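In the two complexes below, chain A is the common chain; its partner is chain B in one and chain C in the other.
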Partner chain A sequence: MRELKKYWRITLGIVAILALIVLPLGLNRYGLFILSQWAVMTIAAMGLNLTLGYAGQVSLAQGAFVGIGAYAAAIMTTQGMPLVAALGVSILLCFAVGWLLGYPALRVQHHYLAFVTLAFSTLAFLAFRNEGWITNGIYGISNIPRPTIFGFPTNRPLPFYYLCLASLGIVSVAMWWLIRSPWGRAFLALRENPIRAQSLGVDTRRYTLMAFAIGSALAGVAGTLYAPLTQYIDPVPFNLSLSLDLLMMVIVGGAGFFFGPFLGAMIAVLLPEWLRFTEGYYLMLYAASVIVLLIYSPTGILGILDRLATERRTKTASALRASAGSSLEAAP
Partner chain B sequence: MTAVLEVSDIRKNFGGITAVDGVSFEVREGEILGLIGPNGCGKSTLFNCILGQLTPSGGEVKVDGKIVTGLRPSELNRLGVSRTFQLLQVFPKLSVRENLILAGQEHRGSMMSRLFGASDAGMTGAAERMIGFFKLDHLAGEPAGSLSYGQQKLLDAAMAFMGGPRLVLLDEPAGGVNLSMLADLKERLAAINRESRATFVVIEHNMEFVMSLCSRVVVMAEGKILAIGRPDQIRGNPAVIEAYLGH
Partner chain C sequence: MSNLLDLVLAGLATGAIYAIVAVGFTLLWQTSQTINFAQGEFVMLPAFLMLAAMHAGAPFWLAILIGILLSLLLLGLGFKLLLVDPMLRHGVLPLAIATMALAIGIKEAVKQFFSAEASPFPSLVPVGDISIFGRAVSLQSLGVLALAILAVFGLTALLNRTSVGRQMQATAQNPAVARIIGIPVERMILLTFLINACLVALASLLITPIYLAKFSSGEVLGQAAFIAAIVGGFNQVRGAIAGGLLIGVVDNLAAAYISTQYRAAVPLILLIAIILFRPQGLLGRAEERTV
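Up next is the complex of A and B:
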């Protein structure tokens, strides 16, 4: 039974990957832009899913880290440096700043932590806007070049989409492996019960800082792709609303589920596009459907599936218990 | 015999209330020490002070002769001091096996080596042995939250032993556990104590459990130690009968 389910999952995964490779061949420029944006936002949301979903640390600053990554990429590549170098700098920079942002989390939790990260988000936005000597302020940075990867230029939308998709693939594999490592287990323990985790030797301080640092570094990766995707950046896309959008992607998709960010980003990026035919009403419909979803399932879309699976397993377990109990009673 | 745990003059004040008031005792290697006393007499607070969950207002804790007062619980745990809690503290969404692997993994290698090593940190074998030892075999793959209360209590105790501790502090291991499972639990604890020379301190209200398992018993009342002695001495101590056991 379980084997069969596993094969179904693998088949479904392969079909999804093939679809992501083949279907865009027929898409126009705009469609490819939206899909690339989905891939980039999924990477950032995966980072937040690690910090919030797995390790249980609220952050309203993920958008600011996307901004840091995007500015690093924009500044470096417009100076003629390769995007790979910018990627390295973005990752290191966001990792270090994310690590520092983790320190307040050692003292405050939940909505208090949300406010601390919100303050950081605002601070970052002000820095992007006011530190014109490096960010060019409200005028932004234009003519951001797209990279040439292994001799293939990615100037056209389709090759650039494949670059985003490949990056998403690499990040997904790394994340899959991270959450299955002992670290993933420790992050979960930190989320579920930090006091018990400590008593089992889990260094909750270091894991908290790591959750912030790695989650932020992934936002840096997303930012590094975002700059050449739009080819022009200014401070506005990286204000608080991006952080809130990313938070919504994680929660709507299902926080703490591996595929949550994929679904969440799909809804946040694609649904408004699909609802465009309703003209003025699309934002309202979009908001209403998110509210309805969260009332029905506060744990997001994948939470619905998980709830069904858990119910079935609990039933099996109690059946096991009942049969074990009756065999004990039957014993002399 | 050397002392594994030495507690000297531990005090803990919460505002104007003195929950633990100058408690001193030592626990010898391989011993099972019972800690009894009426509700609110400071037993759990004392545990929390020993284990670094609370910072004592005064006094000193030594493990194997080394001062550990002020260490964080995770550091203390990696020095070989483990505990269970009064209320259930298993990870309900993880399977029984995963709970045990989690309980042991931080004792293997460094944080970096665990990131790049095997996903079970090499703990599956030890986890399976512990599952067999506590007779949880048929439940190994089930989420801990779907187990019965008594089974979760067994798992909770088993988790405390995964790191191969020298000293284990058990806070009411028998609370809410039915009679047949209680006998099982007592036998398992005694066996671990015999085989690995692990030293235990046990808080418990079940007198039968304490008197038959422990070699010595400490009685606390109102934050102070009322008596220390062998179970038979404690049972006959008039002050203890007055304060706790009743006539």
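Up next is the complex of A and C:
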């Protein structure tokens, strides 16, 4: 029974991966752009899922880190440096700033932490807009080149999509490993009961900072891909609403579930496109469906599946117990 | 020096509006653990409801009345019954996220059904200057300040002097004990939502003539109200009032003396500093944490 389920899961995973590789072959430029955007946003949402879903630290600044990564990539690649170098700088920069942003989390929790990170997010936006000497202010940075990977130019939409998908794959594997490592368990302990975690010898201070730093570094990765994807960046996409959107992606998909960000980003990026026929109403419909979903299942879409699975397991278990009980009675 | 006085007065006027919004925000938090991320949109919406009533041919006073009634119905009763009640038992965060989605929904609805452009809004107090001790003072600032002070005093009197107000405070401080001593907790919570709806409608009426009615104007307002609420003390009505006034003045002075580009940054830095060094706010009490 269990074996069967495992095989089924692996098959489902392989089918999904194949679909992500094969299906885009038939898509036009715009479709590929949207799918690439989905991959990029999933990476950023996975970072936030680590901070919020696994370590339990609310952050409303993920969008700002995507912005920091995007600006680092845009500035460096337009100066002629390779994207890989920009990636390294983005990760280091976001890791360091994320680490610093983690310090308030050592002092305050929950809504206070939300407001500190919210303030940081707005401050970062102001810096992007006003520090024209490095970010070119409201005029933005244009002509951001797309990289050449192992001799393959990614100027066309399809190769660039595969670059985004490959990055998403690498990040997913790293995340899968991280969550199952002792660090992942420490993050969970931090979320569930920080005081107990500390009494059991988990260095909560270090892991809180780490949760912020790693989550932010992933936003930096997403930003590094975002800049060459749009090939033009200005401060507007990195305002507070991106942070709020990313937070919604994580919650709607299911915070603390590995595949939550994938689903959440899919809903946030693809649903508006599918609802495009409703014209001006699509964001209203999106907002309404998010509210309805949260009322029905505050743990997101994967929370519904999880609940169904648990119910079924309890049912099977009680059925087993019942039959075991009757066979015991029948035995003598 | 005279310039400084003008700035402080204008700051106090906007600050008083922030204070009204922040008071509503803290009331919701105290009685029902609702962090309302749509509070700014709540302020933006009544102005449009009033504009719609005026387009339909209602005179200004009737439009105001309709606007207040509709916001009581939608932003008070509707918000509580349709969103807060079903979500409250799920905890603080999902509810906060739902209000974020609500903010998007309200913004988009206004953009779609009214206009994406800014519309002018008639002023409740006459525009112009009057002369006090030989100096020209903006009548609008004075009027706004006076009305806001009146509203705040009215509310504090309601909370501290009347039986209903005391019951509301008891509900906020300890719902379980309040219920045991026979206070209708549910009704009191509903009452705070209605009061919040009244406050945002009033704030809308006061601020829209200054900044025009625009679907996106709630973002700045909502953030100012958050900051005011936290700076003053998240769990104190008088803290929210002090915070609102302080933020209004600091914002105005920063724009004049520090930099117009970074005027929005100064209140934020103040916010971060307050949270880090005095998380309970300037006038707040520390909240005890349970293990």
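We take it that the second predicted complex is superposed on the first by the 310 of 332 C-alpha atoms of A that agree within 3 Å, B and C clash if a C-alpha of one lies under 4 Å from a C-alpha of the other, contacts with A are read in each partner's own complex, and residues count from 1 in each chain.
By our rule, a residue touches a chain if its C-beta (ideal position, glycine included) is under 8 Å from a C-beta of that chain, and two chains touch if they have at least 3 such contacts.
Bear in mind the structure is a predicted one, so any value in this text is a computation, not a measurement.
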Quiz item: Counting only touches as set out at the top, which of chain B and chain C does A:138 meet: first, second, both, neither?
Solution: neither
Practice problem: For A:195, decide between first (touching chain B), second (touching chain C), both and neither. | Solution: both
Quiz item: Once the shared chain is lined up, is A:96 touching chain B (first), chain C (second), both, or neither of them?
Solution: neither
Quiz item: Which of the two partners, first being chain B and second being chain C, lies in contact with A:284: first, second, both, or neither?
Solution: second
Quiz item: If you stack the two complexes on chain A, which partner ends up touching A:185: first (chain B), second (chain C), both, or neither?
Solution: first
Quiz item: Is A:314 contacted by the first partner chain B, the second partner chain C, both or neither?
Solution: first
Quiz item: For chain A, which residues lie in the overlap of the chain B contacts and the chain C contacts?
Solution: 195
Exercise. Name, in rising order, each residue of chain A that touches chain B in their complex.
Key: 178, 180-183, 185-186, 188-189, 192-193, 195-206, 310, 313-314, 317-318, 320-321, 324
Self-check item: Residues of chain B touching chain A in the complex
Solution: 51, 53, 72-75, 77-78, 82-83, 85, 89, 91-94, 98, 101-103, 105-108, 111, 114-115, 117, 119-121, 138-139, 142-143, 145-148, 159, 162-163
Quiz item: Considering the complex alone, what residue numbers of chain C touch chain A?
Solution: 35, 37, 83, 86-87, 90-94, 96-98, 100-102, 104-105, 108-109, 111-112, 219, 223, 226-227, 230, 234, 261-262, 264-265, 268-269, 271-272, 275-276, 279, 291
Quiz item: Which part of chain A faces chain C closely enough to touch in the complex?
Solution: 58, 104, 107-108, 110-112, 114-116, 118-120, 122-123, 126, 129-130, 195, 240, 244, 247-248, 251, 280-281, 283-284, 286-288, 290-291, 294-295, 298
